[in-house]
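Paired with chain B in one complex and with chain C in the other, chain A is shared by the two complexes that follow.
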Partner chain A sequence: MSLNRLNRRTFLQSTALGAAVIAAPSVLRAQGAPVKVGILHPVSGALSYSGQQGRLGAQMAVDAINAAGGIKALGGAKIEAILGDAQSTPEGGNAEVEKMNSAGVSAIVGGYASSICLSASQTAARYDLPYVVDVGVVDSIVTRGLKNTFRFGPGFGVIAKTALDNLVAINEAAGKPAKTVMIVHEDSAFGAGLAKLLNAQLPERGFQILETIAHPTPTRDFNNVALKIKAQNPDIVIPANYYNEYVLLARTMQQQRIRPKGIYSVLGGAASSYKFVKEFPDAAEYIMDCNHWFDPKNPKAQELKKQVEAKGQFYTYEVYMNYSCVLLLADAIERAASTDRAKIIGALESSTFSGHVMPYGPTKFVNGQNQGAAPVNTQVLKKDIEVILPAAFASAKAVFPMPRA
Partner chain B sequence: MLSPAILFTAVLNGLMTGAIYALVALGLTLIYGVLHIINFAHGALLTVALFAALIAYQTFGIDPYLAAFLLAPLFFGLGYLLQRLVIGPAARGEDRNILLVTLGLAVLIENALLYVFRADTRTINLPYAFEVFEIGPAVVALPRLAALGAVAVTTLILWAIMRYTSTGRAIRAVAKEKLGAQLAGIDVAHIYAVTFGLGTACLAVAACLLLPTYYVNPGAGNAFVLVAFTIVVLGGMGSLVGALLGGLLIGVVESLCGFFLGESLGQIGIFTIFILVLLLRPHGLFGEAT
Partner chain C sequence: MKGVGTILVVAALLAAVPLFGVSNVTLNFLVTALIIALAGQGWNVLGGYGGQYSFGHAAFFGTGAYVSAILQLRYGVNAWIAFAAGIGAGALAGAIIGGLSFRSGLRGSYFALVTLAFAEVLRILASVTPITGAGVGLLVKLDLRPEAFQFQSRVPFYWIILALVTVSLLIVRAIENSRFGAYLVAVRENEEAAKALGVNVIAVKLGAMVISAAIVAAAGGFYVQYFLFIDAGIAYGPWISIEALLAPIIGGVGTVFGPLLGALVVKVLGEAAKLVTGDAPGLDLMIYGGVLVLVIALAPRGIAGVVADLRARIVRRKPEAKPEQPTAGHHV
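Entry: the complex of A and B
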């Protein structure tokens, strides 16, 4: 049961905001009226941690742009972030898009979850409102022919292909020690979709799937799953679930002394999270993941990491992806030299932006999908997260199979 | 592939989950046995207890296992007052009314929790939550073993209260023959409230045992209560021994079904048993045929 309400506080906030805008337009215009940008994330509900991290990244980018003099083509206009909470549901996302549209935003960044991105971008399309997807990996986000929707990061198809190619490469480099696989996945769209894809493609690449285990989210007991893994003794375990379950599964496996040759995840909920590595270093050690990751050789990415950690936060992929998306949008507004929505869409279409912190190279959108976007492979090594593939960005060599404890 | 060691571990895991089920069912069956009502607010009260344990840990830094000693009397008082001031007066002596009042309470409590705490799922991380013991070939987590022990102790205390105290005798008297008990000078309203209090106190203990390995959200208690209903029916309505053994049995059934059929289908076995019991032995394993 979710309560969809306009409470007194938000009502006062929005009216006060409106009143302020009406009261002081001349003053603001004199300095170049601020450019309103909607920042949409699920900051409450089941996805709240990821949503808050995403909001943090977006806000840091807004602050950085404003500190550097705002949008120069608009007389140094500042970016004004209009924050929205999608409450971890597609309906919540839609409601926020409507509110942001009424508030007169020029574009929206965010969404995080695939389901929220799908519906929020659709709603934004009704108002020709440019929508930059921060994470949402489901491929249909960019295959619906929506002119307003742009995805900076990679989609499911690319991620799964990269993950499988790299798994084969890592296995071959180690002399093909792994032949059998077990998949543990959460039973909603993300986990089930991935499991289906892996079931279709792993056998083609010479792996035998011993068993595919589904579990609901949330699950607070992985003892049975761990026992099954113990009974089947696969070479590789592939978990596909969200943060809490991922951590619990890894810890239960450690507790039950299950040591497969490798734990390899695709968009693993925790595998490439500094939070996991810091809190449970022993359970996380040697876990490999194919996921969104910053370019470790980009000084700007390292500088951002320091800033985020100085705030006492973890440098998770939500942070730097949103940071990059806001920069991408600001670049488009700069080149459009306008807050006009159609002009911003045009500028995004022709974007060659390369000032971001991801290992994607210059941006190039085809049908709204950034062509250079790709995941990387990471591994937890000596309590840190290292990039192991592709070689161009690698900071360490893969350790596979896992050493016996 | 399927070694006895792994089966042994699965059964052991089931027993430990079952212990918590048994404790929740114990409260439910106690209230049913004496008040002859099904307490629909049981799940909601378990959720309240979970949140209370969460706050005790997060705000006051009280370890959940210690909090049990604090929360059990507190929830006894809460249950007592609920029955004395809300359920009793609102029921006006009609069992049907009690049913509706508890249902209403459940809705009220759940939404109040939703309002205050939002729908977020919360967990706590205790340093010892992943400590393990080895029992033969099985590796067993400390909190689950602790739960098994604590449930045994709680059941023993409850049994001793029922068997040896005058309040316990009065509860048994009211359960058997309400009018007779009243004629013998027993304050039935007081005994009703004491029973409701005891049932609620069981929930507080269950919540404290659950918290180290489980999550809390405003609907968390419901998962247990449906299972607890099944256990109460399985064990025989109102039978304490039935609730205990039924709880352990259901825990093992769930664990084995989860193991063989997959985690998402773990509860299939429970409800199959529920239907079979209703068909073949409606008075339950330990209940008396009426």
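Entry: the complex of A and C
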């Protein structure tokens, strides 16, 4: 079912781009038996936008690999994507893993949400099926001792630490103008967890927390929160929430003319999203974020950005993380020279893959976690998103405190 | 006892399914459907027979799930004992919520809203309390040993959930045939009249609530063992409250086989919609919703009701007694 559709879609896209010549072999599949890879995302339900972006990234990687001649160690075998919809629930993810296993996939990439990754990778472990987590930041994903599970991106602990280090660095570079902080977070997994971490660590690093405000997802009105911020007048506002709430909070603050010295988010739902910057450029300007981001100095990453934008899509982190994860897996299959699951797990364990588009350096897995994985700090500057830290990948200098309009 | 034979035959037929070498995909599908059937049967005791439409049976599903998971994770309790304790805790939650709302005389939509509120409060509490893993949820460690209530193969899981469903069918059949069941139906049909005839209305409703909650809690506890992961949204989220009432409503409210039929049909429908629509995200859910609306519009008494009508038409005479016909629909 998925196979035919994928090929038809691949074919249509390729022709439209005038690249039919390159892509045609992936349709014809003249070579040896294709390597089946499960591509699992929540493409319907609450997380559907992120899931669809993730699927897009994974499919683009599959197309790119096939266009470049497939898996050479297997006689140029093509990668055949078996698409799965986790329907934004762990059971949905679980059911898809069962289907993919029955379809004979060699490995699975994706999951997106932490809860889906936890459940899907565990089910895959029953079949010794290699599972590459695309995003899922909860650290328990890689601390369960599952041999089949690999996370290419960073986990929560690393992200929170980097965010705090960088906040201190940015503040010190500007002559320590910021002393007080207010946290506005959503009340589920990541928001509440992050607020707890920040509450514990910010005082140690010389910041005073004026207030921590929790709100549910979804929230449709931030006027009261904005009024509280106005009354407390903190130097820095730290939002930790999903896309819609983030946008609404930023816009409400803009409307009520609340200008703290900085808005600094961690895994901000919108702060490093081209969608937000394009749709609400004034509200987004100068917002800083610590988040997943591509390596801006990598030409491959820029090329992918052009391709994604040519499709009329936004270049979001789900796209390039999934793109990188599929490349990472293809490299492992190439080195394993086999579709055997155990051999692929072995190849992933010893991976030193560096052909991805993330600022992680060569891959090195320890207990399934990629050691080089780290977030970067971005800032919205002149209606574009620039990397401001770490210096090695920076494309601009941080503007802090934000200028008074 | 009347009507036990049918239940055992159905159970035996279903139990034979894995012997035909069906794939894990099918087994996984059946297990998920049976979890819903079990939760639906729990809801059916109170909603179908007692006429008390609850919108918050997630409260018991979640309690069963969390108690089982927490005992295993934090106190090292054996998974089977934890599972039993989860059922007990669910029954207790039923007694508390039922006691509070029935003593306050809440009926109909008010009862529905209060149960919904209880489930939501529990969801919010579970998403902030450390013992429930707050927003991150709880992860039961993978330990594929029968002693740990985990199995390498899907088949034992399937048989266990089938056994649980069979027990729930037998319980409901026993209720139907008992004096308690007669009181319960009397309360459903006319609470004032039942009271006037000397039925202890609160005790009867409370009894139904406790049985109902215990069955739903068993579904929650099984869910944990099967998926090994639970968070506030899964445990206490509205999805399970809705599935638990949808299955009996589709299958036939206040009938023994209604929830099982309903759960299977709803799940098959969902899968079929997915197959038809292929990769178009979300389209299957729209088709699913549309068909659901049609089913409810065309068969307000559920599939069991349609079957009963057909049988009556074939036999060309009305069944002598119709204890399985609900009239509590006006609450929703």
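Note that the second predicted complex is superposed on the first by the 375 of 405 C-alpha atoms of A that agree within 3 Å, B and C clash if a C-alpha of one lies under 4 Å from a C-alpha of the other, contacts with A are read in each partner's own complex, and residues count from 1 in each chain.
Everything that follows uses one rule, which is that a residue touches a chain if its C-beta (ideal position, glycine included) is under 8 Å from a C-beta of that chain, and two chains touch if they have at least 3 such contacts.
All values reported here derive from a predicted model rather than from experimental measurement.
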Applying the touch criterion given at the start, work out whether A:E91 contacts chain B, chain C, both or neither, answering first, second, both or neither.
second
Chain B versus chain C as contact partner of A:Q371, first or second or both or neither
neither
Determine, under the contact definition given at the top, whether A:G191 touches first (chain B), second (chain C), both, or neither.
second
What is the contact status of A:Q256 with respect to chain B (first) and chain C (second): first, second, both, or neither?
first
Does chain B (first) or chain C (second) touch A:S102, or do both, or does neither?
second
Between chain B (first) and chain C (second), which, if any, makes contact with A:Q52: first, second, both or neither?
second
Output check: A:V43 vs chain B and chain C. Expected answer is one of first, second, both, neither. What do you get?
second
Between chain B and chain C, more residues of chain A are touched by C
Contacts for A:Q122 in the overlay, against chain B (first) and chain C (second): which applies, first, second, both or neither?
second
Could you look at A:P218 and tell me whether it touches chain B, chain C, both or neither (first, second, both, neither)?
first
Can you list the residues of chain A that touch chain B in one structure and chain C in the other?
1-2, 44-45, 48, 187
Residues of chain A touching chain C in their complex?
1-2, 5-6, 43-45, 48, 51-52, 83, 85, 87, 89-91, 94-95, 98-99, 101-102, 114-115, 118-119, 122, 125-126, 138, 140, 144, 146, 187-193
Listed in rising order, the residues of chain B that touch chain A in the complex are 1-3, 6, 9-10, 13, 17, 111, 114-115, 118-121, 123, 125, 130, 132, 139, 141, 213-215, 255, 258-259, 262-264, 266
Chain C - residues contacting chain A, complex
23-25, 28-29, 32, 124, 127-128, 134-137, 139, 141-142, 144, 152, 227-229, 231-234, 239, 274-275, 278-279, 281-282, 284-285
Mind listing the chain A positions that touch chain B in their complex?
1-3, 44-46, 48, 187, 213-216, 218-221, 223-225, 227-228, 230-232, 244, 251, 254-257, 279
